[in-house]
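Every chain is named by a letter (A, B, C, D, E and F) in the order it is written, and numbering of its residues begins at 1.
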Amino acid sequence: MSLSSIDPVIWFFLFGLFAGVMKSELRLPSQIYELVSMLLLLTIGLKGGIELARQPFGVLLPQIAVIVAMGFLLPFIIFPVLRYVGKFNRPDSASIAAHYGSVSVGTFAVAVAYMNTRNIVFEEHMALFVVLLEIPAILIGIILSKGMSKDTQWSKVMNEVMLGRGVMLLVGGLLIGWVSGPTGVESISPLFFDLFKGILALFLLEMGLITATQLSSLKKYGLFLFAFGILTPIVFSIIGIIVGTSLNLSTGGTAILATLFASASYIAVPAAMRISVPEANPTLSLSASLGITFPFNIIIGIPIYYAFSQYAHNLL
Amino acid sequence: MSLSSIDPVIWFFLFGLFAGVMKSELRLPSQIYELVSMLLLLTIGLKGGIELARQPFGVLLPQIAVIVAMGFLLPFIIFPVLRYVGKFNRPDSASIAAHYGSVSVGTFAVAVAYMNTRNIVFEEHMALFVVLLEIPAILIGIILSKGMSKDTQWSKVMNEVMLGRGVMLLVGGLLIGWVSGPTGVESISPLFFDLFKGILALFLLEMGLITATQLSSLKKYGLFLFAFGILTPIVFSIIGIIVGTSLNLSTGGTAILATLFASASYIAVPAAMRISVPEANPTLSLSASLGITFPFNIIIGIPIYYAFSQYAHNLL
Amino acid sequence: MSLSSIDPVIWFFLFGLFAGVMKSELRLPSQIYELVSMLLLLTIGLKGGIELARQPFGVLLPQIAVIVAMGFLLPFIIFPVLRYVGKFNRPDSASIAAHYGSVSVGTFAVAVAYMNTRNIVFEEHMALFVVLLEIPAILIGIILSKGMSKDTQWSKVMNEVMLGRGVMLLVGGLLIGWVSGPTGVESISPLFFDLFKGILALFLLEMGLITATQLSSLKKYGLFLFAFGILTPIVFSIIGIIVGTSLNLSTGGTAILATLFASASYIAVPAAMRISVPEANPTLSLSASLGITFPFNIIIGIPIYYAFSQYAHNLL
Amino acid sequence: MKNENAKLITIYTESVLESRLIDDIEEHGAMGYTISNAKGKGSSGSRAGSWEANSNIRVEIICDANFARHFTQHLQKTYYDNYGMVTFTSDIEVLRPQKFCAQ
Amino acid sequence: MKNENAKLITIYTESVLESRLIDDIEEHGAMGYTISNAKGKGSSGSRAGSWEANSNIRVEIICDANFARHFTQHLQKTYYDNYGMVTFTSDIEVLRPQKFCAQ
Amino acid sequence: MKNENAKLITIYTESVLESRLIDDIEEHGAMGYTISNAKGKGSSGSRAGSWEANSNIRVEIICDANFARHFTQHLQKTYYDNYGMVTFTSDIEVLRPQKFCAQ
């Protein structure tokens, strides 16, 4: 892998990481960061919606069912590891499990950019899966932390999760893309599609800066969290490869599904856990998901998962 | 009218409206909203200015005179309705009359987008009319609220109105477009022209969110305001059709002029009234212009006004 | 020079200046200003980096050495003028010398736009010179203000200068452009390259507004500062022409180097001086560099420097 | 000459609590509140405000002594264990103190 | 041990009044002021700060007791009827109190 | 009934000093601080906040009387000559005053 084969958006991440580690005063103003993430979410939603407009919804139903089921399942796989190997208390284990069971939109965007640069085709409706995978892990996280206690006001929790910025923008973009179709959105494509990679570059610059702030708190939690932050995505990506090939996804689509499984949330889930499982230490889960798993996935993970996917498709 | 024939920017408005009604935490950061409206104003000004560069100014003088006269006239038509039918006190009646006598740049932008999508030609110098119609109603509103009292510091009022952000950007864009001409502005067109519809989508998303906050205060003021907010644009649009056809505007141009007459201000006028007619209740005028008239115009009104215009042009 | 031959971005500056002088409430929100300057710095860096990727670094080494040497030399030329003709105290003289010895990225961007509009070729690696010229003058400014005192914590100073936002973004963009090369950055070019002139227009609008606020403080400091703010760029531009032609730069490249020498910093240097030479009055240097030299350079200077450069190249 | 006739409660806390605090304030019957953005550092670490999960708000409530006592106790009981939060009360003088008595 | 030698006026009001208030402050001879953005809720309804017509500012003026009394009365007379505005005064201790006496 | 058990230091100053002040605060052993953006005007002129070199911050530190005295003196000595800076101290009541005693 030569230097110039690395996507420039990754360099923006590394640049931000370096600037952050050096304690440069560089930063993306907070409202610009909000704009940039809004645009990413809307674009991903729109792309998924356009694809939905292209094919009958019924065809996707089996895929949707499997993906949602996986969203509920994944947190259960790692919860015992965190609780009994990592020796974290119950709320912390539940919260971290929710982060890793859910998905990272930024990681998804980098995977899409990776495929586009290499002209690898994939099912564009993957964006729908981002939405589907975002939420179940949050609910499981809350259950794991408290048990199925009657105290939990589920309607309030669902409300907060569904109406959070991230989910709203993804779903909103999806629906707008769906009703408008490919020709309808043409007039707004200069902002949402042509600028996508540039906007992603700015986003990753800030992600690098934020990641840098997580590194110091990471030291405190040591080796277990580090290993967990790298092994979980690898294991989950393999599950993703299996599920993706079973669902007859393309090589590219399988790799993206693997990336989604491998990714850990750092926007929607932290906010939801802070409100619904306040006893959990937010630094713990964030430093793992942002400080280890996010950089691992976008730099090393995605190429590996694509190689996995090629291998699996060659086997068949 | 099928769903996919609705412009995606309208979906962004409806999406924002829905998110707002559901009390989602979605919002456009305030400085982004400022940027987005700056870009819209500059773009509209630039487009108008380029058109002015294309034709002798003298030709436009009669049109300009008529439009300005209408700007002074329109508030007088509705003031008695508000005062004696609506039973509002003097300052409130004057303030609402000023809002509806003036124009909404957002509505204008949606009308322009509507025409562009359908390849309907219209006189590009309409942007000049936006500027011309913005101001007279404000002056009339102040006069109606106080009478021609000597107290009013007219030079200060004119100063505040002319130097307000909205008017400055429209006029500034107009002049820059004028001196630079079509080829001059080519280098800045990717930002100002290519992104226009995307920027408008973000603007309408926020407008939907803001409209949602107006709905609750609307309930308080009840049926009269609701009827007023729908009937005024229809009546004013018919006046606009008559004026437009008399001025020999194209079908598209006439429809846009009707839309301008039908639209009610929610940026420049509220700010001016707050300072110059502080006794008027700002919630009243804003909830009517934003909560009823704006959505009515962009969703239902514009197609109707275009149908009116076609009908009128067929008559001739 | 006809009005329409003036670049529209210059009109944006004049528009901002006018709005500011009229005390309009127009302004670019602060975070948008930050974004806009970030994008300019990154774009300039990226362009320089792409060019570096195109040619062997060794070839540039002699040029780099000369440019850095000039960066150290320029402040020494004007310091005595400020101290003994202008009768400023030591810290003020040192600080102003640092401002004028360093460079202005905004002025550079306007020069680049000027050349592009007229299809004048120039060495794209000039962006590298912006970085090289930014820093030496700051160090000289500190030395001139205090002498080579042992008190100065040079490592801390260097740290602050190198890690400042401006230098970081220029260097970061440069390196990313370098490793990615021309094809690598294609995917991010819609944001960074296509929008460049539009973003520059917004930047200059705000610069006009800021310049207007400097004009009043300028009056206080009177004629010397005014003359200094115009003569220094002319003298420095002539030095730039000599250096540029000696280095065998193209006509366009020589004109841009002259513009760089002629330009005075108003971002990196003020911040550095405020921290390292706090006794210096920041209003003094800013009102000269922003209130006089910046507008002089972008409106009158650049065409003159280009004429100088043509003259010099015809001589040879 | 000292005239204090009202209390000002100031709360520094995590932005994520904003809508919850607003509900609390209204339920407890305060007549109003003012909120602004902030960043800071305290016993629960640094909150640099660079993104949402990491920024603070500063909430101010003008009220009477009674409300101040009850509301700060409510905050302590409800949030101090699990959230970064600091609260203090100061004496102020308002023009129409009755405007700020809780309902 | 209590040392108060100056007053702090705090004003929460509509952003639209900003430039007018600045003129007032300067006309009344204050030596300075500090302004920041805010949102809030009061008797004139909620001002969520999502756009200009709807956001608040918070103005702070360090002054002497005399200025404080006169200026708050001026505010009450001029703005309280028609604008959302809340004003309060607190006792503070500054290092060089004479710096903040109105001219 | 007055209960003051802690001090609040408020500093209005140039944004450019932010990271230096944070270092100072930590070196002097304060337990925390809160920072927000502001604009303003004072003896060193107007700082309209339109760009970095021209905006203010407002720093607040909850502390004990001892820290307040020392820290404001440190600020005066270090910054007052060359920077726009205004500092004042007020009496406040916190729930757990010991939390805010400097180390």
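A few comments on the model shown:
One rule holds in what follows: a residue touches a chain if its C-beta (ideal position, glycine included) is under 8 Å from a C-beta of that chain, and two chains touch if they have at least 3 such contacts.
Model, not experiment: these values are computed from the prediction.
Think of each touching pair as a link: the shortest run of links from subunit A to subunit D has 1 of them. Between B-E and E-F, more C-beta contact pairs are found at E-F. Chain centre most remote from that of subunit C: D (centre = mean of CA atoms). Residue numbering shows that subunit B and subunit C use the same positions for less than half of their mutual interface.
Farthest from subunit E in terms of Cα centroid separation is A.
Inter-chain centre distance (subunit D to subunit E, centres taken as mean C-alpha positions): 20 Å. Put simply, the C-alpha centre of subunit B and that of subunit D have 40 angstrom between them. Distance between chain centres (mean CA atoms), subunit A to subunit E: 46 Å. Shared contact sites, meaning residues of subunit D that touch two or more other chains, fall at 36-37, 90-91. Among all residues of subunit B, those that touch two or more other chains are 25, 28, 30-32, 34, 190, 194-195. Inter-chain contacts occur between A-B, A-C, A-D, B-C, B-E, C-F, D-E, D-F, E-F. Those residues of subunit B that touch subunit A in the complex are listed here as 3-4, 6-9, 11-12, 15, 19, 22-26, 28-32, 113, 116-117, 190, 194-195, 197-199, 201-202. Contacts from subunit D toward subunit F in the complex involve residues 4, 10, 12, 36-43, 56, 58, 65, 72, 76, 86-91. The residues of subunit C lying in touch with subunit F in their complex are 27-28, 30, 33-34, 206, 209-210, 213, 217, 267, 270-271, 274-275, 278-279, 282-283, 286. Listed in rising order, the residues of subunit F touching subunit C in the complex are 14, 16, 20, 45, 48-55, 81-83.
Against subunit E, the residues of subunit D that register as touching in their complex are 1-2, 6, 8, 22, 31-37, 62, 90-95, 99.
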